[in-house]
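Each chain carries a letter (A, B, C, D, E, F, G and H) given by its place in the written order, and its residues are counted from 1.
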Amino acid sequence: MAKGTVKFNIEMCKGCELCIEACPQESLALSPKLNKQGYHYAVLVKDNCTGCVNCALVCPDAVITVYREKKKAKVPVATITNVKEDITVTVA
Amino acid sequence: MSEIRLMKGNEALAEAAIRAGCQAYFGYPITPQSEILEYLADQGRKRGMIVLQAESEVASINMVYGAAGAGARVMTSSSSPGISLMQEGLSYIACAELPCLVVNVNRGGPGLGTIQPSQGDYFQATKGGGHGDYRLIVLAPASVQEMADFVFDAFDLADRYRNPVMILADGALGQMMEKVEFRDYDPKEHIPPKPWATTGKTKDRERNILTSLHIQPEKMEQINLHLQEKYRRITEQEVRYEVVETDDAEFVIVAYGLVARIAHRAVEIAREQGIRAGLLRPQTLYPFPYQKVRELAERVHGILTVEMNSGQMVEDVRLGVEGRCPVEFYGRMGGIIPSPEEIVKALEKLVGKDVRQAVEA
Amino acid sequence: MTHELLIAGFGGQGVLSMGMVLGYAAMIEKKEISWMPSYGPEMRGGTANCIVIVSDKRISSPIITTFDTVIALNQPSLDKFESRVKPGGLLMYDSTNIITPPTRTDLEIVPIPASEEASNMKNMKIMNMIVLGAFLERREIVKIESVVEALKKVLPERYHHLLPLNEQALRRGQELVAMHV
Amino acid sequence: MATEILEQQMSEINLDGMECVYAKPDTLTDMRLHYCPGCGHGVVHRVLMEVIQELGIQEQTIGVAPVGCSVFAYHYMNIDMQEAAHGRASAVATGIKRILPDKYVFSYQGDGDLAAIGTAETIHTVNRGENILIVFINNAIYGMTGGQMAPTTLLGMETTTTPGGRSVEIAGFPMKITDLVATLPGAYYVSRNSVHTPNAVRYLKKAITKAFQYQKLKKGTCFIEVVSNCPSGWKMTPVEANKWIEEHMFPVYPIGELKVPKDK
Amino acid sequence: MSEIRLMKGNEALAEAAIRAGCQAYFGYPITPQSEILEYLADQGRKRGMIVLQAESEVASINMVYGAAGAGARVMTSSSSPGISLMQEGLSYIACAELPCLVVNVNRGGPGLGTIQPSQGDYFQATKGGGHGDYRLIVLAPASVQEMADFVFDAFDLADRYRNPVMILADGALGQMMEKVEFRDYDPKEHIPPKPWATTGKTKDRERNILTSLHIQPEKMEQINLHLQEKYRRITEQEVRYEVVETDDAEFVIVAYGLVARIAHRAVEIAREQGIRAGLLRPQTLYPFPYQKVRELAERVHGILTVEMNSGQMVEDVRLGVEGRCPVEFYGRMGGIIPSPEEIVKALEKLVGKDVRQAVEA
Amino acid sequence: MATEILEQQMSEINLDGMECVYAKPDTLTDMRLHYCPGCGHGVVHRVLMEVIQELGIQEQTIGVAPVGCSVFAYHYMNIDMQEAAHGRASAVATGIKRILPDKYVFSYQGDGDLAAIGTAETIHTVNRGENILIVFINNAIYGMTGGQMAPTTLLGMETTTTPGGRSVEIAGFPMKITDLVATLPGAYYVSRNSVHTPNAVRYLKKAITKAFQYQKLKKGTCFIEVVSNCPSGWKMTPVEANKWIEEHMFPVYPIGELKVPKDK
Amino acid sequence: MAKGTVKFNIEMCKGCELCIEACPQESLALSPKLNKQGYHYAVLVKDNCTGCVNCALVCPDAVITVYREKKKAKVPVATITNVKEDITVTVA
Amino acid sequence: MTHELLIAGFGGQGVLSMGMVLGYAAMIEKKEISWMPSYGPEMRGGTANCIVIVSDKRISSPIITTFDTVIALNQPSLDKFESRVKPGGLLMYDSTNIITPPTRTDLEIVPIPASEEASNMKNMKIMNMIVLGAFLERREIVKIESVVEALKKVLPERYHHLLPLNEQALRRGQELVAMHV
């Protein structure tokens, strides 16, 4: 399991919880605190983040930056190049 | 059973339409008047009205054409950009002489502009934004109460003259809540028979044809002369306005709709300051009260027209005044509502000018 | 007497209905009233506000730029409208939701822990009634009784069992300000 | 010469023992049609009126005329009619039908009217499943305005706005709007017909008859395309034009029923 | 290389557009102006112009919006009903300040009306048939020669003021053939750089945004004030008109377009009959020559306005006159062109009135 | 409590030996989006801008914003943009593309904009095969105006104009305009995607990337529908809304590619 | 072969020749004469008309009335009832 | 000198081009000229007409209702326009196509067997030139030479081999009227 972490631009966060839902590691939660916009913002609450980028992908407000332990050269997950040609979308 | 209710202007207008026996509404959502469609989609349908959300304003106005032609009391509503899309249809309806109600809850233009209140569509409403020589009867409410009252009047006028009628309001009148009381009104007593409607050609009559096409110029001129004659009757019989403290007035403000309420307050302030001010509020923008303006121009020292636009109705005021007294204009645009204080300032400028003239003389 | 009031907060906080109830109450007292909501895409952000004018004279414009009272239920609203209170006017806000308090010194400033109180009372929905009660304690432009009667009108039948709770909330609001002197 | 003589006979032609097997329907007025010689509009007008006469629904039928050469349809069809703005006939028909749900309502539209400026109204009227009949005359050209390209104009076809022939790069593809319409759930019966031969006319009449019978059921929109001609716009004799229909129009707009009621 | 040619007004206008460096035309056929599209589809394409037959006038005007926004010199054309459908788009274009040419070959309305010549769209063209406070610069040609000339001027004005320009002609001007000579014109010398155009955000500049939406009233009012300031400049600098025998005139006819030619003949006849008549022909309908009208009103005994409508420009004439002298109107509608003799009769009536007044005095 | 502490760490979080694997693209401005919490518009905006950044075509791309909640798209997309009248984005895009044939042009439109008032422009733009990308956000409702029925609103779905749910009798059927578009010869690539899960976002990005690459070929229109949400209009939390998409939207608007280039 | 005949309302005729083309018996022709509209109008030039109604069906101007020898009751050919349900259009 | 002429007939008869050629000829002679075609759906019927005004003064309206000359090439045109000729004016018509002749007695009426003549000359297309020649014989508002020169302008290059034939037709037309006295 790769080790990773995420950074939140908390003032941009609207507390929609989509990242929390998307995180397979259940590493995220809303802070009891409010940002200036008056939203409870998302934060990392466990240290088991793998840097899978799922949270960043579903975030509507581009709040999240994702980091991961350097490995042998690897392209950012977020680019399409690692999606195999033949995969068809499975709804699940 | 007329209890007083607190309602949004848009809702009051919609409720009035139901009570006026409006059989069908065709429209497309647009701020700040979507509540009309929404209220009718709920209350209207429950009470037997046909309420169809069309694919566009172009479709809406042409559905109105068809339904009105089929003999029904019908309406549509929109706001500025949507009304622009209806111009071709309105020209057709006016020429085919189909009675209907079109509501424009005016927002700030041009273009997509802003959704805040405006009076920028005065020219479009009164001079005919569509092609050719036609006129809409245009009513300008100034309160939620009138948003309701004018609906009954509008439908009756439409049927009386077989002419489209427009209620020209603004975003604030549509969105604000005020007290409103609905008049007792029995549609059966008001809706006339419509022998011209296309309801199926029975043996006892020739077929009915509703068209605006008359390829022979001679015929088309006849149609136009007939319309002009009708408009003459309308200007003779249907002019409506309200005057406030004009009897002893030296300076008169002309304003309609929401602005007239603010101007009213300005008149009060002005009088406190010793300016003998008065107010003329046209309730019909077409026909416009030229006669009343002329009469006032004969005796006052100056007229100030206030509008939420760059100066549109002021042209009609000038046409009524014809140089008899100075005419000034004060306006705000883009959805900004002038304050009573601003209006008083504008009035003071006019008064000042007048004084200077006096001195010069 | 004319009172010009602005109520602002998140859409979900019952800002608009709070103004509406006040309006009905004023109507019951045969006063002139106008209620003007904010509308349009600025609401996308989730904030809403309404202007309520209560008077015994005819009301000219429903849209005005400065107010006798501003009630702010979230931070953005406070930030946006603090400057719009007339000097000497009343600025009331929900101290639970709002971290950075107002800075003006020429106002009567009344923080209320409304949300906290509402959760104590186990129903966030009545937060707006707590605030209304508090406001009327400071500016009695209508009687609490009228508000209670207004609630009967505004609330659909099926919610009438909540009337007592709402009345409690109004009273609680009054107490909160009464304490806070 | 021969014709001379026969024409004499015509006048005092003897009809003893003869019965009339075809005559112009009374639902068609006696007014001379303004269409060019050989124009298909006349045939479709006549067939429509024959059906209305035979079904005995003249008193219950309201028609909507388009803007196009058939703008004057109301001169010839002896029923109540409304003349709609260009492209809006189906919206107008919707307005009528919603007010008079038990009457028969049809719109009659050309390809410019229905498939260009009226595209949105056409698609949404059918998608709403308005219980009306839409008669669509596809002559692949704008006749009324003097032979400009229509959405249905064939590739390579010369018109006044496609000198040298319609090209995909500039003007895109011939629009098969009837195929689009047939895919809409609101469409109940969709058929493509023609009037270039006696049999074609028989089938058209059959289709129109069905359509009016279906309208009673209130199960959705009936849509009938008639692949027709425009001798003037095509710059052909009527006989050439009807041949051209078979050779060039049918390959792109094949005749037949595109959608028939499942529930029968 | 300017040889004289015999051309239809529509063709001359189209040919001029090509010579003026118009890069793209988007339009939809309608009588009596389809020759513009047809001529360009042939000649224009051959000479490198993008010519697209759109699915409707609504699409046309919005394609013009996009192309003009991309920095091109573009145009569309239509006739009355089609122009009505463009009103929303025109309002957007005016607010986004996109330079373009819109041609209206006016036919008789309202509704489908007739395809014969008319001037029934004067209000729509000059007061803004669309919503909100905006103005088109409106040029009114009176001959095939001007159908060509005004195209060059229109494009230059559009670019100079970043404003849509309309050429308002009529069916007869579009269909008739007359001599025409094309001016020498090199687009390169006339088309200014357009740094505001959306051609792709290069590193050296901020992104370009073309919009008419300004949700904040304060901002929207700024936009409106900016537009009004521009319109003020236009009214100061771009008024154009032609006068005929007005120096010693006691009675002046005001007419534009084709009607002005007929009025010109009427003036000749009238003078033969001893009436000191003159003619004022506005070439720009917006901006309107109020100043010139005022000046004439100061010294003449009466003004007769002649139009092919029910009386539209006459309102602008009255706004210029402001009661300084009597103003009469004579008009024909539905596609009928008045004859010189009719106009002279109308003039005699005006003169008669004047005499009577003299007597009464 | 736990979060407290971790938030402390956040600030002085240690990134030694870490590489950034995901960051907001520069083609997206730093302006706060005005959309409601959880609205899909934000995701699609971001993905569009990621693709433009990765393809390095920021300087060659012109976008067209619609009238709808995404009317302000030009605040967030750091490229040249035009704001079109309601429903006319594809016509505006056509105007731009015809003038700048070698630039990349896309329109971004909601379901009211594209499938109601803009139906004619949509159909004809694709039928002409304009070489542009049309991004179609289907959230089955009119968000901007406060939650009225859209052509794509599902049957039985509550909106402010369909109290009690959309019924066929009054409002017809949900409009599957993407299916219509896919049948047009001018359409080169047509795909239906979504953004409700991380994988869905990956596939959308892939589709958009293809679309821009195809645009170079000048072989026709690329059309991508994004089945999205409207938490405010649907009166759900964002998380509920995205679940609702799978359960209710997908059965009517199934995900996948509807048309792929034959010639590859 | 049934015996029939046709009557032309010659003033309505525009000489489009579609009836002539449609007549299987080649019984029709255009008259060398012009009608008031200035069109050469169609006429019956042979006496072999079978009353098949083809000419009347294709006539765009409703010029033609068709007669046929009385037989056992028969419905007018022009009504659809004599078109069999299953026939599909054959282009020929 | 101003001459106001209307030419009417079937679309196919070259009515419009006849007027156009006349116009070009007048232009060559430095005269003022306006040519106005009928347009719109009345053409559906197949009839067309154009008004040609030739003058040495500025021309005001291209559309007028009475004419110095009317040339009618088919029956409907004659029926429609006979009444529009000014008293003493010229009414010329194709006697091959027109069965019922004009009835007015206050006109100069000139029938020409133009179609017959054209078929004799084996080319219906030149019928209009025969008529034009005939007309100019009676009203020499332009010289035949100018017309011949005009034809060069109007006819596309590829038809220039037809110029002699057209000139013949013009001359033939002149002869026809000359004979008919």
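Criterion: a contact is a pair of C-beta atoms (placed from the backbone, for glycine too) under 8 Å apart; a residue touches a chain by one contact, two chains touch by 3 or more.
Remember, it's a predicted structure, so these values are computed and weren't measured experimentally.
Asks: State the smallest step count from subunit B to subunit C, taking one step as a move to a touching chain.
Replies: 1
Asks: Select the chain at the greatest separation from subunit B, using centres from the mean of Cα atoms.
Replies: Chain centre farthest from subunit B's centre: G.
Asks: Nearest whole angstrom, what separates the Cα centre of subunit A from the Cα centre of subunit D?
Replies: 59
Asks: Counting only Cα atoms for the centres, state how far subunit D is from subunit G in Å.
Replies: Their C-alpha centroids are separated by 21 Å.
Asks: What's the distance between the Cα centroids of subunit F and subunit H, rounded to whole Å?
Replies: Distance between chain centres: 64 Å.
Asks: Mind pulling the residue numbers of subunit D that touch at least two other chains?
Replies: 35-37, 71-72, 83, 85, 116-117, 119-120, 124, 144, 151, 171
Asks: Enumerate the residues of subunit C that touch no fewer than two other chains.
Replies: 40-42, 45
Asks: If you look at subunit G, which of its residues touch at least two other chains?
Replies: Only 14, 37 qualify.
Asks: List the residues on subunit F that touch subunit B in their complex, please.
Replies: Within the complex, subunit F touches subunit B at residues 67, 71, 83, 85-87, 112, 116-117, 119, 142, 144-146, 148-149, 151, 160-163, 170-171.
Asks: Touching subunit G in the complex: which residues of subunit H?
Replies: For this pair, the touching residues of subunit H are 10, 45-46, 74-76, 79, 97, 99.
Asks: Please name which positions on subunit F make contact with subunit A in the complex.
Replies: Answer in residue numbers: 1-3, 6-7, 10, 13, 15, 17-24, 28, 32-33, 35-43, 46, 50, 54, 193, 195-203, 205-206, 209, 231, 237-239, 242, 246, 250, 255-256.
Asks: Write out the stretch or stretches of subunit H touching subunit E in their complex.
Replies: Listed in rising order, the residues of subunit H that touch subunit E are 20, 23-24, 27, 32-37, 39-41, 58-65.
Asks: Touching residues of subunit D toward subunit B in the complex: what are they?
Replies: Where subunit D meets subunit B, its residues are 58-62, 64-65, 71-72, 74, 78-85, 88, 91-96, 98-100, 103, 120-121, 124.
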